[in-house]
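Shared between the two complexes below is chain A, which has chain B as its partner in the first and chain C in the second.
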Partner chain A sequence: MKKNRLAIFKYSCCAGCQFQLFFFQEHVLETLAAVDIVYCKMGASGGVKEGPFEVALIEGAITESWQIDELKRVREVSHFLIPIGSCAVNGGIPAIKDIYPEMEVEKRVYQDLSVIHSVKAHPIDDYVRVDGYVRGCPMGERDLLELLTSLLLNTKPSFPEYCVCVECKLAGTICLLMSEGKPCMGPVTNAGCGALCPSHARACYGCWGPAPNVNAPALAKKFEQLGLSPDDIVRKFTQFASPKIEFRKGAEMYE
Partner chain B sequence: MVKILQKKNFCRWIDSLSRQYALIGPVKEREETEFQPLRCPEQLEMDYISTMAAPRKFIYPSRQLLFRFTPQGDDQLITEEILPQSQQILLAVHPCDAHAIMVLDRVLMGEFTDSYYTKQRQNTFLIVLNCQKVDKNCFCDSMGTGPFLHSWMGQDPAKGCDLELTDLGDRYLVEFLNGKIRKLFSFPLETANDEDIQLKKKREVGIKEKFIKKLNIENLPSSLRQNMDHSVWSRIGEAICLSCTNCTMVCPTCYCYNTVDTVKLDLSKSERYRYWDSCQELHFAEVHGGNFRSTRGARLRQFVLHKLSYWMEQYGCFGCVGCGRCINWCPTGIDLTEIVKEIRGTKINEQYS
Partner chain C sequence: MSEKDIFIDYLARVEGETAIKINIKGNKPQELKLNIFEPPRFFEGFLVGRKYYEVPDIVSRICGICPVSHMTTALRAIEKAMGINPSQQTRILRRLMALSQMVSSHLIHLYMLAMPDYHGYSGAQEMLPEFAEELSRLMRMKKVMNDLTAAIGGRASHPVSAVVNGFTDLPSSQELERRQRDLEKIETDAVKTVRMVSEFSIPDFCRKTEYVALKAANRYAMIEGNIVSSAGLEIPEQDYDKYFEEQEVSYSMAKRARVKDRNSLMVGALARLNLKFDQLPPSVKKLAKEVGFKLPDYNPFHNNLAQSLEIFYGIQECRQILENLKLSLENNNYRVRAGEGAAFSEAPRGLLYHRYTINARGVIEKANIVTPTVHNFANIEEDLHHLVIQNSDLPTAKIALLCEMLVRAYDPCFSCSVH
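Take a look at the complex of A and B:
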């Protein structure tokens, strides 16, 4: 059987999602047997970055113009193009800066701004059409496995597209929001992590980004009732997915 | 057969239960009480009011492996069905939850038989504990499912439950609803007298006066049907509801599920699971082009109308037993009894105006 050619491109991020592939626990050998990883900067030097690829995985947010050019080229030569991890899917941590004027952010870090050419952080689907999302921060193992097996079976991958509360309830975890008044982002955050944080008595931080069609303003109002300050509420909704309209709506009322 | 169990002997009585069965009952967990497998009878929280997860999860698990399948040659599959094996006794189930299980029996062991549910249900004994406390969101009294165990809408406790306990202060009234469960206990009990039976009746009258939450069920299925376009749906649905599914996940009668297959990367083996699904989710009932209930309001209406209206046509009873969980665990406090009041044009609480 001809193996699928897979490439991983990295933009602005911590590279944790690529590493997630190498730490793919029990599946790492099976993955190598199932696909040909032809380009993966963090795993091996060199590689073939020209394509064509059956699947291109994109990690990181777009924050520089060369990334946009490359991304468009990769789109043209890839059958499937999938953003992996919150930075690529939602803008992620790099997009925390998006709610401030760009220059103010730069000034906080650099003295000489003449060498800085970055723009606001954008998710991948702001620039190119994508064929699905492997969400997570870092990307979720189960979703990655689902992607790879559906690639092999030529089926449509089924990723969870509902909120963390679903997984939280399936796990039988007592609701932190209702039982202990902890400001949990679960009702608006896309599932896939298995409600990891609530199962350790921590309110969800929202790291997987928004689920489709969520009602962030209603949850923001709930946070206000719990006594969160407007600043805290804004931070909740801009920490992992500030470019996403679903979360922006929660932050907007308190900005 | 009606007996008396002194409370000081309670743990010994439970301990005398046949070891063949897993014991499951209300146990303290963090700030709540939840149904859990028991390590010892002392763990039982017999004073509990309600739990987050309904006891249904021990008969109809939230996630369940149904079968494995292995491809053999070009066009053959070897399947191995995984039927639940455990034998269990559910202890101190309140009447609303007991009726909810009997509602699930109608759904999953009625016209259509769910073999996984049926197998587990047939290996489950139900010990009901009549309520002695009422929470602000309990309305079983309005629905008719509680606070004490009685027949309800064609559901006979003598058929669906095994034992009924009533707290009489220093002792329990123990009513065996069939002979099978009696044989599982080896601890001897005293015979109850008339006074005990009278006291049970008195306690029931007393607790029925304590209900704060009420729901007028007269003509409810049809009056809801006539108000499909009422403004309450879009107002609450769009402004307040999160579509978070918590209401349906905690509801003791919800039965919807979705199935997923997991495949090994070398494609040698697959497993099919099912997990609780919810009509509050956008993907539920999705067909080509999307979900007909694309707005939150339409999905909220599906939940409320299924429980209080459509269920009656489908199964001849309400799908709501008045346990109050969907109200207790809704992050934004959506309350189906307030929605009904608004539709009926009666005075509603401020939060809903």
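Take a look at the complex of A and C:
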């Protein structure tokens, strides 16, 4: 059987999603047997950068122009292109800087800005068409397994597209927002983590980014009722997905 | 005079993006640049204006391999700034997380990033099926260590339950017993790892430098201690800025850190072993002796061997801690206060520094982070310089490979370095 050719490209991020792939627990060896990783700088030297690829996995947010050029080229030679992890899907942590003037942020770190060529952080689908999202910070193991299995079976992968609350209800976890008054991002955050934070008695902080069609303004109002300051509410909605319209709607009311 | 140009446009099998440029005339490098082109990430810039409780979750995303180190160091810096003294239980749990993450990180570096060099392969996938046994061993050990980090932090990568002044949730005693049993199962794997690494044909290269690590009186320090060096430095963590300085480098997005008015320095597993070998248990010392590890060791390639010994140590130490561990839910309350705090930890790759200034509302006013690779940057270039001189007779491709192997031996993290 001809193996599927897979490539991994990294932009601005912590590389944790690629490590998630390496540490894919018991599935690593079977994945390597089923898929040909033809380009992955962190895993092997050399490689076929030019493609073609059945699947290109893209990690990280876009923060420099050369990344856009490369990304467009990768899109042209890839059958499926999938952003993996919050930075690639939503802008993630790198996009916190998007809510401040770029130069203010840069000046706090470097004196000589002549060698800095950063732009505001953007998710991958701001620049190219994508064929699905493997969400998570780091990307979820279940979604990754679903993606690779679908690839082998030639079926359409099914990713959860509902909020963390659903997983809390399924797990029977007591609602931290309603019963304990903790400012939980669960009602607007995409599921897939298995409601990890609430199951550890901690309010969800939104690291998977927004689920489709969520009502962030309603949650923002709830946070206000709980006594959060406008600044705190803005910070809630700009920590992991500041460029995403679903979260912007929650932040905008209090900016 | 003969001239050679080495240009490695990207260095594979390291975390993050870097290029190496060397021009050799005769037997001397005329130009030598570790060109870290990983896009800068501005954490110190955008942390300003964020709330203190967001910081541990945000900085954990500086690194996908050592998130625990960034998180724990930030937590301690914040606690110091606000005058909070976490309980003994919290400190022990943080040490467990740090040790388990160190073992995981070393494992990946040795088996997947470094090992292919020593067998002439491009990467781990090519090493199959010849090294199937070794790679299964890696996966087995990695899973045990990840499960331990996750048992305490809720998630191995980017933990969730570690917060200011404690943990939101604690593992059950049954869970801790399971983790202890798993650790027992991989102890022989750890010995095999040390032996395997000791059989790599490690290049013969020595250059004495200043080794810097965190040291405490009564244990192999991972989180708390003083900064000590092989050149006689011994300072408390809050005095770092008085003795160290960071400089921007025109051709690199990462800065270089040094002790003021001194040459380059080395941090990481080899530095730790050079400075704290005495504090290791007899079993680790015995194994070190068996595989020919001698102190002091000035060969940076031996950082790999030092890492393997730390794997063996880390697993034993985790087991020992778990044996006597009884956990109880604690009151984690604290008061938000203005202040400035600095903290260090031994990340897997070496000394990591976080410093924050926090105002009375708990908002960050200033942030400074210095990562292990920033500490090692100047030393890597110095080592490359001498390695090139020593091997200038070799064909260009051979010199290039040696240079790649040297940089890899440091287990650098370029993503961290441009934080």
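The definition used in the following text is that the second predicted complex is superposed on the first by the 255 of 255 C-alpha atoms of A that agree within 3 Å, B and C clash if a C-alpha of one lies under 4 Å from a C-alpha of the other, contacts with A are read in each partner's own complex, and residues count from 1 in each chain.
In this text, contacts are C-beta pairs under 8 Å (C-beta built on N, C-alpha and C of every residue); 3 or more make two chains touch, one makes a residue touch a chain.
Here the structure is a predicted model, which is why all the values come from computation and not from measurement.
Look at chain A after the overlay: chain B and chain C fit there side by side. When the shared chain is aligned, no partner comes close enough to touch A:Ile245: not chain B, not chain C. In the overlay built on the shared chain, the residue A:Lys41 is in contact with chain C alone; chain B does not reach it.
In the superposed model, A:Val166 makes contact with chain B only, not with chain C.
Touched residues of chain A, counted separately for chain B and chain C, are more numerous for C. Of the two partner chains placed by superposition, A:Leu113 touches none, neither chain B nor chain C.
Judged by the touch definition given at the top, the superposed model places A:Met178 against chain B, while chain C stays out of reach. Taking every C-alpha atom of chain B against every C-alpha atom of chain C, the smallest gap after superposition is 12 Å. Taken together, the two structures place residues 33, 201 of chain A in contact with chain B in one case and with chain C in the other.
Interface of chain A with chain B (complex): residues 27, 30-31, 33-34, 145, 148-149, 152-153, 158, 161-163, 165-166, 169-172, 174-175, 177-180, 186-188, 201, 212-215, 218-219, 221-222. Residues 10, 12-17, 39-42, 44-46, 48-51, 54, 57-58, 61-65, 67, 104, 108, 112-113, 116, 122-126, 128, 132, 135-136, 139, 142-143, 146, 154-158, 160-161, 163, 168-169, 248, 250, 253, 404, 415 of chain C are the ones that touch chain A when the two sit in their complex.
Chain B contributes residues 29-32, 34, 52-53, 57, 62-63, 238-246, 249-250, 260, 262-267, 275-276, 278, 281-283, 296, 328-329, 331-332 to its touches with chain A in the complex.
Put simply, chain A touches chain C in their complex at residues 10-20, 22-23, 25-26, 28-29, 32-33, 36-37, 40-47, 63-64, 67, 92-94, 96-97, 100, 104-112, 115-116, 118, 137-138, 196-197, 199-202, 205, 207, 232, 235, 239.
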